[in-house]
Amino acid sequence: MNSLCDLDKKDLKARLKRIEGQVRGLQRMIEEDKYCVDVLYQINAVQGGLKKVGLKILDKHVHGCVQRAVKDKEGDKVIDELMGVLSKFTD
Amino acid sequence: MNSLCDLDKKDLKARLKRIEGQVRGLQRMIEEDKYCVDVLYQINAVQGGLKKVGLKILDKHVHGCVQRAVKDKEGDKVIDELMGVLSKFTD
Amino acid sequence: MNSLCDLDKKDLKARLKRIEGQVRGLQRMIEEDKYCVDVLYQINAVQGGLKKVGLKILDKHVHGCVQRAVKDKEGDKVIDELMGVLSKFTD
Amino acid sequence: MNSLCDLDKKDLKARLKRIEGQVRGLQRMIEEDKYCVDVLYQINAVQGGLKKVGLKILDKHVHGCVQRAVKDKEGDKVIDELMGVLSKFTD
């Protein structure tokens, strides 16, 4: 189970819904031969949106799951797992 | 008009279709309280897919539009525009 | 005070020493008109080295300072600070 | 040979000199047990400086070498090489 309350879940799902629409928009841009540079800026916008979702989940994870694990003396394991995913995100 | 042939367009639309499905999958993961770290890895996978689409479009743009512009003595303008979007992508 | 033991400090200083040498090498490459693409690959190598140093410090920080703060009921403050620097690193 | 004029070279060397000093500063921060988060922000600043140097060299490379190659009908080869280094930089 994760650390997201109903309010967080609603916000994240709304953001992902918008991102889904943007990805559909990208397909249309390709179909309609839109100018490459405009497509690239749109891809960049989607990546920005995804990054924001990722940071929000990360924030909840560290404040929630990681803190709980530290209090339950399971901190090192959960932090190693966190570092694994962080090393991917900083790529 | 962009520099994508029908084969490129088909490939890019298939990739974006898959990304759209992954973004829908992310909404389900949030809904079903999947573990944050698994959601984060999935976000990372979507970002990787988008990056690949971006690089493919960039490749076609530079080989196509930019080369054409240079031959038509419009190179500097198109290259300034390219650098603008590249400075975003390296963020 | 940070969470680095003498062994970590020695390793990090050796890595930064190497990075310093690479940055001096870059100045030479510019001076000697080396091919741009080779300079760009070398810049990329330095960025990779810095990223590794950053991840190592981050790892020590979360395992050390953050865990200690959580146990001392100062977790939320230190985690907010951590998220601030992480949002920069994922740029 | 690259596409940098003397003015560009002077600017880039000054920037790299500053970065070299920052990397030396990082070694001191580690030695003096400065707070991890401050070290991480400083690493981030160095990465920003390196990125700027990279973008400046890239700009000169595309405006200079790449345009020249296209005019000499060597465009595709030089652009493939460019895409190789760009795919690294967008990591």
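We just call them A, B, C and D in the order they show up, numbering each chain from 1.
Everything that follows uses one rule, which is that contacts are C-beta pairs under 8 Å (C-beta built on N, C-alpha and C of every residue); 3 or more make two chains touch, one makes a residue touch a chain.
Listed by chain with UniProt protein names: A, B, C, D = DNA-binding FrmR family transcriptional regulator.
All values reported here derive from a predicted model rather than from experimental measurement.
Student: Through how few touching steps can chain A be joined to chain D?
Tutor: The distance in steps between these two chains is 2.
Student: Please report how many Å separate the Cα centroid of chain A from that of chain B, as a whole number.
Tutor: 17
Student: Taking each chain's centre as its mean C-alpha position, how far apart are chain B and chain C in Å?
Tutor: Centres of chain B and chain C (C-alpha means) sit 28 Å apart.
Student: Where the CA atoms of chain B average out and where those of chain D average out, how many Å apart are those spots?
Tutor: Computed from C-alpha means, the inter-chain centre distance equals 23 Å.
Student: Quick check: what residues of chain D touch more than one other chain, meaning two or more?
Tutor: 51, 54, 58, 82, 89
Student: Specify the contact topology among the chains shown, as one of line, ring, star, complete or other.
Tutor: Ring.
Student: Mind listing each pair of touching chains for me?
Tutor: Contacting pairs: A-B, A-C, B-D, C-D.
Student: Flag every residue of chain C that touches chain D in the complex, lowest number first.
Tutor: Per the touch definition, chain C meets chain D at residues 1-4, 9, 12-13, 16-17, 19-20, 23-24, 26-27, 30-31, 33-37, 39-41, 43-44, 46-47, 50-51, 53-54, 57-58, 60-61, 64-65, 81-82, 85, 88-89.
Student: Note which residues of chain C are touching chain A in the complex, please.
Tutor: Chain C reaches chain A through residues 51, 54-55, 58-59, 62-63, 66-67, 70-71, 75-76, 79, 82-83, 86-87, 89-90.
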